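Reviewing the structure listed below.
Lettered A, B, C, D and E in written order, each chain numbered from 1.
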Amino acid sequence: MNALDLLLLTSLGTVLFSVVFSASLTGRMLLTMLYAVQTVILFQIDAGTEMVSSFGFEIFNHALGLSFNGLSWFFALITLGSAFFAAWYGLNQQQKLLHVGLSANVFSMLVLLSAGDFLSLFIAWELVSWSGVLLMVLGKQESLVATLKYITYAIAGGMAVFAGIILIYSWTGSLAFNAVTENPLSLSQYGTLAILLIGGFSVKMALLPFHLWQAEAYALTSGPASVFLGAISARMGLFAIVITMMHVVDLKTLDSIFLIPELFTFRDFLIWVAALSIILPTYTALRQNDARLLLAWHGIGQGGYMMLGLLMYDQMGSAGGLLHVFNYASCQAILFMSVFSILHRTGTTNLNQLGGLVARMPLSFLAMLVGIIGLAGLPPMNGFVSKWLVYRSLLSDGMAIVFLASVIGTLGTILSVYKLMHNSFLGQLRVEHEHVKEAPWSMTVPMMLLAIIIFITGVMPGISLELVANAQSAIGLTPVDYHLGGVVSANSAISGDLDMIWVVLVLFSGFGIAAILFLSAGKSRRVHQLDNYAGGHFLNANNQYQYSDNFYAGLMHIIKPWYRYSFKWFEGAVVSFVNLAAVFSRSFFNQAHMLIWMLVVVTTVMAVAII
Amino acid sequence: MIPDISSILFSGAIGLLVIGVGGLLLSNNAYRVLLALVIAEAGANLMLVIAGYRWDAIAPILTGDFTPQPMVDPVPQAMVLTAIVIGVGVQALALTLIIRVKKAYGTLNMVEIKKRMEMDFDRLSQEANQPGKLEDNS
Amino acid sequence: MYQFASFVFLLGFLFLISVITGFLPLGEPPMLVGQVIQNNAASETGASNFVTSVVLGYRGIDTLGELSILFAAATAGSLVLSGLKQKSIESGDAGFLVKSASELFFPLLIVVGLYIVLHGHLTPGGGFQGGVILAAAFFLPLLAKPSKSINSLALGLIEGLSGAAFIIIGLIALFNEGAFLKPFFENGELGSLISSGTLPLLYIAVGLKVGAELASLLNLLNQEEVNDS
Amino acid sequence: MKHYIILTVILPLLVAFLLPTIGRFSYFLARALPPIILIFSIVITACVYNNETAPFALHIGDFVAPQGIVFHVDSISLLMALSVQVFALFLWPRRSFKLQSEQIVSNKRYSLMLLLVASANGLAFSGDLFNLYVFYELLAVATFGLISFDTNEANQARFAAAFRYLVISATGSVMALLGIALVYFLTGTLNFAHLATQQANLFNPIGLSAFALLLVGFGVKAELFPVNSWVPEVYSAASKKLSGYLAGVISKLAVLVIIKALLFIFPHSEAAYLMLGLGLAGLLIGELSAMRSNDFTRMISWSSVAQLGLVFIAFSIPGQAGIIAGLAVLFHHMFVKTALFLIAEKWGGRISDLHGQGYLNLIMSGIFIFVALSLIGLPPLPGFWSKFLLLNGLAGQEYYFAIAIILITTVIEVNYLFRVANHLFSREDKPVLPINNHHWFDTLTASLIVVALIVAVWELPTINDQLIIMSDQLLDIESYVNRVLISTENGL
Amino acid sequence: MIEAFVLILVIIMLAAALSALLLDNLIAATASASAVSIALATIFIILRAPDVAMTEAVVGTGLSSLILVLGLKRLKLWQLDTQSDNEEVK
């Protein structure tokens, strides 16, 4: 019984515990503590070495094993952390399915992370897909619709993965992770596997064009579930893609598969998919008027950065990609928490019907401020570090256009998170929200803790970079050269070290100067929002002096949503095609005379037999 | 000129089969479908008997002094015996079903029957999940 | 369109199956099984009609299945028609000719039927053919006097008991001789009426069963619906 | 002991014959007798299954094969017979109340049900082509009768459905009879073991045509693609428990007949390709039709068409892999489809009418979701392993096209099954009125099926061993021939 | 000689079969169907199958026709004037 066994058993025990006890508040508190316990157990596992679980099964002559390495450890930490904060955040949620679903998700993800061969990878993959459903159905009717869409997409991806694994088995005769590396295949076989496996896994990751399901499925459910799903769920796809690149088709192979001869390789294709996944969903997010959907669309966009970083597959790029998983998870979690505490208190997340809540919910505002700075990738929060690493890697690889694309994406992020904060917390407080109170402590405390984490890992990225370095060495890369404050550039051709402590110091000295200027200016008087006038008119409650309706209307005029419709059109075309086929097949059963088919089969077979 | 006997017999069996199957395919009247079925079955039976026929042989019954002589194969005959009786049973059952269909829908037209049946299904489907239906029809 | 397709495939079927039968040898059957039966049947079953020995001996379970099918058809038929309110057809008495013919033919048909059943193992004919004639004998009075109904209790009893008799004869063989439907009496002298072991007994059961079954089927169809409206 | 296995065929027949007469004297006896007989048969079958490790041949009437009829008893046929009887016991029609006169009617129903069981057992054991035909016809006739019984007089569609089914089934029988005639022309025998020794005579266009005729003929009950248009009609019209029995168990016996024909009459790739093509077509057309269905019963009927297509695809894979995969898919579907039809017993109507019912009847909706998950193939439920075996077999033969179609249709399957779940747990603001609850016994049966599926997950290695044993026995034609023809060497 | 006899029988049989399907009058069609059985029974005799011939004669010609006729009566189609198949389509 080693620590990994203990971790999995505790996780399974948590599932059982949640099934029985999640109805009471005490039970939910204990549940939260159980995630902390799991984290503690996780720390007993040495991230630097591979640990094999003593659990194993033999089914149909395939031995299934579980093992843990640095990469799994890294993802497991994020999973458990997200679950811990989500459970805390959901202490006052009565829905039993939420807590059961959360623990089931954590368990299945841990199994996925410790998968030791392709079969157990697929089994865990399907379990993760289906346990995600438990967390997605917690909202109103619309969440059920979104879940149906999700599960259709997810199973489509899962089946592609299934096909890939079956092909691996039939080509190599083994399901172990080293099956392909030990029996090299032909280039077309590699190409097939890459399409099936990476394509299948990227559905979960919501890379273009498989992204249409994600925003609704993640956003429209209950708060803690959104926090957890948004933070980590989609990243399981990233983990599986890393596994694929490690064990099936490495980037060198991908780079030798030409889609356009001598010009455009499979890897280039994936890079462009990642870049487009950054830009297009981000600008779709800009158009959203529901805070939850806005955040969820960002989740899709941010996945692109991680994918991009990994596709660089160098020291810096992959470190950036992996680090962004951690950073993004913390930012997305805190943003969802903030938005859902607004929903909890006001009953809406429609950005056109909110505003001015900063005075009523200051802690939630603070949390959102920290979150959007991190999400937009600005110092001093942690999102900056990972994006910097990815940019740096892109530049040093000479991919200027992709770099430009990702910068455009960041621009969209900044615009849209500003819209989010402006429309909800800043501006005019609505009359109906006059008596709104701050969210309860069970919501604010995890928000504050997360804010601290975001800030600390932003100032001292070395803490999280250590985990990333372990993960990197587990997948066979040279780990990034880090110190507490940042990274040291490996090759000195392009100089570019990063030390966040210095950056933050500079930044805060700037803030200090601004504060001195602000304080030295004249005193202002606090007034009620209606005790005010504009253009010579006194304002009353009916007057809108905050342009939260149609925010960015001018910008929207420029970026027409053609790209979004093109994907919707594609999806609709597939659906209509299937429906058309269904109508045809139904007509088979609608005929009054049905015996002719018997004759057709018999006659055809006879004809073929005689000829 | 008369063709040889095997082609005559085969054409008889095949003719019955094809006429029967053709009737099954093309008849619109349920009763005529039944007649076509009878004819097709007769064709298959004839085929089976032909399978056991043997030149210059006697019927498979020992007569006279019980000396062994070449006989036609008794096995297909026994099977055809069975098949004929089976056929008549199915035919009687089909007739009772036709009677009920006629009673229910007032028509023997296959297209019409199908149409009415689908309408019935739609109605049943709408009624099935309505609350308060207390009939136990398991 | 549908009719055109039907014609095309019918013609194709006609042509192809003609081609196939062109390959088949008529009149020279392989006789793999048949020859063995011809050689052994007389000694194994004692019936001089080899078709009977096949029907009741070698393929006895086929016959049981066949009886079950008839039974199932009659049962299912009565189940199908059970929902209807119905009564015997009352179209007045049939004419003198039919009436006297029925009176004349009733005993004759019974005798002929029983004869055919009893000689099934010796001459062509047997339980099925005789059974049908028995059914006709019982049905004939109905045609003559439509108001009279067949005693369905008696029919059911005959039907059930004769079927059971067939199986019980088989079961006796199973428990005594270790094989279901194994003939277990002495074979007797070839060609005589009391010979070939249990086969005549089985044929009597078959005949009664078929007769009762068909009579009830005919009775079933010879009803008329009562119109409520 | 082993001679008594024939009692599983004979005793139901005997009781079926006597039941209408018994019912006139004692209604209670008539109600009690059939289940007792079924339990007795189950005991016999289970004893034989336990005691006889090696397969054996039973010569009926002690007539040596191939002249006499042979019952060949091996693990697969015993397991099939066992499932026939056990499922019949659990899906036994309940008493229909109300009128005194209906007692006679329900006796007839029991009697037909017993005939159905007897014929299904016969199909499982028989080793003779024409004998199979007879049992198949008995099965068909009993089925027609059972379909056309319903206490709900408003359901007039059942007669039309039964008649249309009868026409297609009888035409199939004619085709099968023609096939039997062709086989007899070529070989002069109908015993499977004897046919296996004559395969050289059958490996020609005529043999293939005969196989196609048999396939189409016996395929009617097996819901094979072009002859399955009766499926949605009949399952909608008949009582749902009966539909579950037909779709879950009886269709499998027809599949078994076809497998026997494939192995003993025409074991060549042409036949396998034919089955593969028809299976794929059935799979596609079934799943696509189910996707568009608004009615729960029709949906699962079409899903059953699709699943049977999957079974045919599996058996079309040559060699042991195909047999193992086919058996796995077959037995899995037997359990799953029965449970689905038990759910349809009360929820069989429009799917949109089911909104919110899941909250009222958590047990049944839970069972539905579990069973649907297994049907889709969520690992580690049994459905996944059967699909895994199937896809592995297909990949081994490089039938990549088939793999693609199976996986795509799985996605469609997920979509329509979980559309139902969405309606069950709908959160629309419509009043949710309780529909009649399922009978406690149906709920128990469905729960037992769920338990069986869960146990199957734990017992996967055992099941795997059993599947290997069964496939070995099915494929070991040489010793089959030896067993059946053992005492006929001198006779030939 | 026997060929000519069989040929005539087969022609009669097929003609009867066709007329069973093509005659508008269902009574005539039923009669044609039993004519098929009679011809078939004769052919069975020629094929040395007396048992089958007897069965076909008794069952096919007699019983089956009787059942069909009773069915026709029951269906209220027992009328001698011509009735088209499609008459009932509205």
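Just so we're on the same page, contacts are C-beta pairs under 8 Å (C-beta built on N, C-alpha and C of every residue); 3 or more make two chains touch, one makes a residue touch a chain.
Just so you know, these numbers come straight off a predicted model, no measurement behind them.
> Treat touching chains as neighbours: how many steps, at the fewest, connect subunit A to subunit B?
Steps on the shortest route: 1.
> Which chains sit in contact with both members of the pair subunit A and subunit D?
Both-contact set = B, C.
> Closest chain to the overall C-alpha centroid, by per-chain C-alpha centroid: which is it?
Smallest centre-to-centre distance to the global C-alpha mean: chain D.
> Hey, which pair has more contacts between C-betas, A-C or B-D?
B-D
> Looking at CA centres, what chain is most distant from subunit B?
The most distant chain relative to subunit B turns out to be A.
> Which chain's centre, taken as the mean of its Cα atoms, is farthest from the centre of subunit E?
Centroid comparison gives A as the farthest chain from subunit E.
> Rounded to a whole Å, what is the gap between the Cα centroids of subunit A and subunit E?
76
> Calculate how many whole Å lie between the centre of subunit C and the centre of subunit E, each centre taken as the average of the chain's C-alpha atoms.
Distance between chain centres, rounded to whole Å: 20 Å.
> Mind checking the centre-to-centre distance between subunit B and subunit C? Centres are C-alpha means, answer in whole Å.
16
> Starting from the mean Cα coordinates of subunit B and subunit E, work out the distance between those two points in Å.
13
> Touching two or more other chains, which residues of subunit B qualify?
5, 9, 11, 17, 20-22, 24-25, 45, 50-54, 59-61, 71-73, 75, 77-79, 81-82, 84-86, 89-90, 92-93, 95, 97-100, 111, 113-114, in rising order.
> If you look at subunit C, which of its residues touch at least two other chains?
Residues 6, 10, 13, 16-17, 20, 24, 29, 31, 33-34, 37, 49, 51, 58-59, 62, 65-66, 69, 72-73, 76-77, 80, 83, 124, 128, 217, 221.
> Where does subunit D touch two or more other chains at once, residue-wise?
130, 134, 137, 141, 144-145, 148, 159, 162, 164, 167, 171, 185, 188, 190, 205-206, 209
> Can you work out from the touch definition every pair of chains that touches here?
Going through each pair of chains, those in contact are A-B, A-C, A-D, B-C, B-D, B-E, C-D, C-E.
> Within their complex, state which residues of subunit C touch subunit D.
Touching subunit D from subunit C are residues 16-17, 20, 23-25, 29-34, 36-37, 40, 44, 57-62, 64-66, 68-69, 71-73, 75-80, 82-83, 153, 156-157, 159-161, 163-164, 167-168, 170-171, 173-174, 177-183.
> In the complex formed with subunit C, which residues of subunit B make contact?
5-6, 9-11, 13-14, 17-18, 21-22, 25-26, 50-55, 59-63, 66, 68, 71-75, 77-79, 81-82, 84-86, 89-90, 92-93, 95-97, 99-100, 103
> Which subunit A residues qualify as touching subunit C in the complex?
593, 596, 599-600, 602-603, 606-607, 610
> Quick check: in the complex, which residue numbers of subunit B touch subunit A?
On the subunit B side, the touching residues are 21, 24-25, 110-111, 113-115, 118.
> Quick check on the complex: what are the subunit C residues that touch subunit B?
It comes out as residues 3, 6, 10, 13-14, 17-18, 21-22, 24, 26-29, 31, 33-34, 37-39, 41-42, 48-51, 53-55, 58-59, 62-63, 65-66, 69-70, 72-74, 76-77, 80-81, 83-84, 122-124, 128, 190-191, 210, 217, 220-221, 225.
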